[in-house]
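What follows is a pair of complexes built around chain A, which joins chain B in one and chain C in the other.
Moving on to the complex of A and B:
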């Protein structure tokens, strides 16, 4: 029975090839870049302070791990990032739903939010430092600020584009405002919220580096800054690579699957794979 | 549908648990000879390498760092809880009592 249901061998091979060809091509690109980098070091002929080789960076990574610096910085950065992302997203969704459903709130708050959206978080960080000092409060506030606006605007879009026909249908069945919100508006807005979250999560990563450079004594952003200050450029590059890999992992293992699942469950398409 | 996030979270939690467990077991091993611990005491904490600013700042949170000589940091007035925190760090090699200045 199982033999009749199993996919034919050529089909299985094609599926395997399709599944692995993208990551393998990506890996080949990275290896090619590393090889070109390593080969270019003797050709450039500069000191490792100006132009560290991949071997220097690997040695620096090992040293930072052996000395316990990298795990602590990574944990600190992740904690700040997740806290800022969670609070910023919750606030963005809450305010987005409020503005989306309430015309008075929309009229009162929209100009203010449009103005604040234009003032980037880097401009706020010095003020936050004056108000809250150096440390975790300032960093988390900067992250909340960065995440809030993309989530807010995407939530707002989702709420305003909820199908009116479904709202009317649920109302005609006797649903109250809370039920309309829970059964129609929030599920309709969910794909937008998740898209906003993904955009905000990317912005938050940049915000984290800025905030840690200015207002922290630990964290990956601080490592990037401190590496050049102490003439250990390889450490700076380790920080940059860790930051990039961390973002790739968060996007690949969390944001993309969640977005795909949300779109498939509540969105307008059945196969969200095509969208990513 | 959300198997990948669940799996990734499980891996991260497992790694964090192993890291914590390794720290606890390491601390027990490093402090075995010092038991019972007095309420407050002075210690010489030796690292596997000369301490950087990062290590000195972390140790400063646990007591009064009064001197750094080669790989050893001399700390006064450490409580048992602070000593356990220091011993859990895998980059701490040995901890011995120190008479102080």
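Moving on to the complex of A and C:
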């Protein structure tokens, strides 16, 4: 975004500093935040149960890592998240294409889907708990739910607004139904699908943490909750930091590549950052 | 951003040209849209007659309606709804009131903005429900915790949007205002605030969607009343009719808020500034 500001500047610095100045500034911001935290500890003057210092958190981090708790929790959370995201997205696209091909069905069902998405995944967790108990089923289902509906809704919209002129063109060149789907409908629905995935991925990540607080015995959300329950608040902070870093990593190495490989290639995206 | 502008527009116009049949009339679509709801109700009604399952798993429509009537008459439903909405509103106001000035202050200097952006996206990622365990320690169970979590969610989302909004103001506009002698306060009121406002307003829908989830979730863990508390409490006693009613109310409230407030904001900002790119 700030490229709009930086690009026309006549006084460009050398390429080295242009490449490194932003990451370095970002690092400075992180250090500043850590420094502010450290300074605030004596000012707050509370026990580490109420307000742990960076040193407490680092100690807790090394302990959790050495005991092998943190890597296992991280792997569990990541596995649950990616499973929910992938299954939800595939179901959303599949069902969306099937329904979307019929215009009437698509128009008729959209309001219901909209309403079901408005019944947020968080609100489903109590009934999932009654149905499936505390455990992985509840967590994964909540994640699938929150990804499924935005992907489904946007797929429907994308399929419905596929340019008829292109459908006609491809058909008159002798394409069969499958080819029309693959050559016209799916590509034109793709920006919507990716938007839906973005929306769902963001909600699902918070949903994961909440579901783990309620219904898990492992995972980052559990770590965050258990830390304060067992009066080890530093563990809670470790969990929160790992959670933030995990999201940045998922964004950078999973969602952005998907966007780059699909919609940015066709120049159909506006700016993904706006939707995080 | 400007690079992706053109194909986007071409894509849109291609869509418009390509639209084959006239869209179904508004009220036809409305009628059509109610059919699946009725079908879902019919399935719900028929299900216990076909499949055998314990009654607590899925209460009948009659049970949910009965509880709805009971809770409306004794005022408990309204009380819970109002408690949730009041907390959402207070959290929203606090979050926005802090986020916009802080965001503007950060974004006014490009170096400062570059410095804080990674930290902000990190803090935004953990904003919301992950703070609940901490807030329980700090504020105890109840209003303080829940409001903190919502304000925190709204704050970081809006802060990020404010910074992005200011940074996305085209540099040519900046120069135009500057070359007409605008600086300081007049630069702020004539360019930066209105320029960032669209992004801020459009961001409200997303940040409220996160805030709404955070509200329900934090009420479930740290609440003493409200819709989230009502449904989670009912889960302990397996009173599924209370859960289902809570879910329906949660869905309805969001649909109404979305339709009235957020859609209106979007329409006005698009109409007035014409800056929306999507």
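Everything below uses one rule, namely that the second predicted complex is superposed on the first by the 242 of 276 C-alpha atoms of A that agree within 3 Å, B and C clash if a C-alpha of one lies under 4 Å from a C-alpha of the other, contacts with A are read in each partner's own complex, and residues count from 1 in each chain.
What we mean here is this: a contact is a pair of C-beta atoms (placed from the backbone, for glycine too) under 8 Å apart; a residue touches a chain by one contact, two chains touch by 3 or more.
None of these values were measured; they are calculated from a predicted model.
Novice: In the overlaid three-chain picture, which partner chain does A:173 touch, first (chain B) or second (chain C), both, or neither?
Specialist: After superposition on chain A, A:173 lies in contact with neither partner.
Novice: Contacts for A:69 in the overlay, against chain B (first) and chain C (second): which applies, first, second, both or neither?
Specialist: Only chain B; A:69 stays clear of chain C.
Novice: May I ask you to decide whether A:127 touches chain B, chain C, both, or neither, giving the answer as first, second, both or neither?
Specialist: Second partner only.
Novice: Going by the contact rule stated at the top, is it chain B or chain C that touches a larger number of residues on chain A?
Specialist: The partner making contact with more of chain A's residues is C.
Novice: Check the residue A:165 against both partner chains and state whether it touches chain B (first), chain C (second), both, or neither.
Specialist: Touch status of A:165: second partner only.
Novice: After superposition on the shared chain, which partner residues are touched by A:25: those of chain B (first), chain C (second), both, or neither?
Specialist: Only chain C; A:25 stays clear of chain B.
Novice: Please work out whether A:33 is in contact with chain B alone, chain C alone, both, or neither, and reply first, second, both or neither.
Specialist: A:33 sits against chain C, while chain B stays out of touch.
Novice: In the superposed arrangement, which partner chain does A:258 touch: chain B (first), chain C (second), both, or neither?
Specialist: First partner only, chain B.
Novice: Classify the contacts of A:249 with the two partner chains as first (chain B alone), second (chain C alone), both, or neither.
Specialist: Touch partner of A:249: chain B, not chain C.
Novice: For A:43, is the partner it touches chain B (first), chain C (second), both, or none of the two (neither)?
Specialist: In the superposed model, A:43 contacts neither chain B nor chain C.
Novice: Starting from the residues of chain A touching chain B, keep only those that also touch chain C in the other complex, and list them.
Specialist: The overlap between the chain B and chain C interfaces on chain A comprises residues 264.
Novice: What part of chain C is in contact with chain A in the complex they form?
Specialist: 1-4, 7-8, 11, 14-15, 17-21, 24, 29, 32-37, 40, 56-57, 110-111, 113-119, 121-126, 128-134, 136-138, 160, 164, 167-168, 170-172, 174, 199, 203, 206, 209-210, 212-214, 216-217, 220-221, 227-228, 231-232, 234-235, 238, 240, 243-244, 246-248, 250-252, 254-255, 258, 277-278
Novice: Going by the contact rule at the top, pick out the chain A residues touching chain B in the complex.
Specialist: 66-69, 71-72, 217-218, 249, 253-254, 257-258, 261, 264-265
Novice: Which stretch or stretches of chain A touch chain C in the complex?
Specialist: Chain A residues touching chain C: 1-5, 7-9, 21-22, 25-30, 32-33, 49-50, 103-104, 107-112, 114-116, 118-127, 129-131, 161-167, 188, 202-203, 205-207, 209-210, 213-214, 221, 224-225, 227-229, 233, 236-237, 239-241, 243-245, 247-248, 264, 266-271, 273-276.
Novice: In the complex formed with chain A, which residues of chain B make contact?
Specialist: So the residues of chain B in touch with chain A come to 1-5, 7-8, 19, 48-49, 52, 54-55, 57-58, 89-91.
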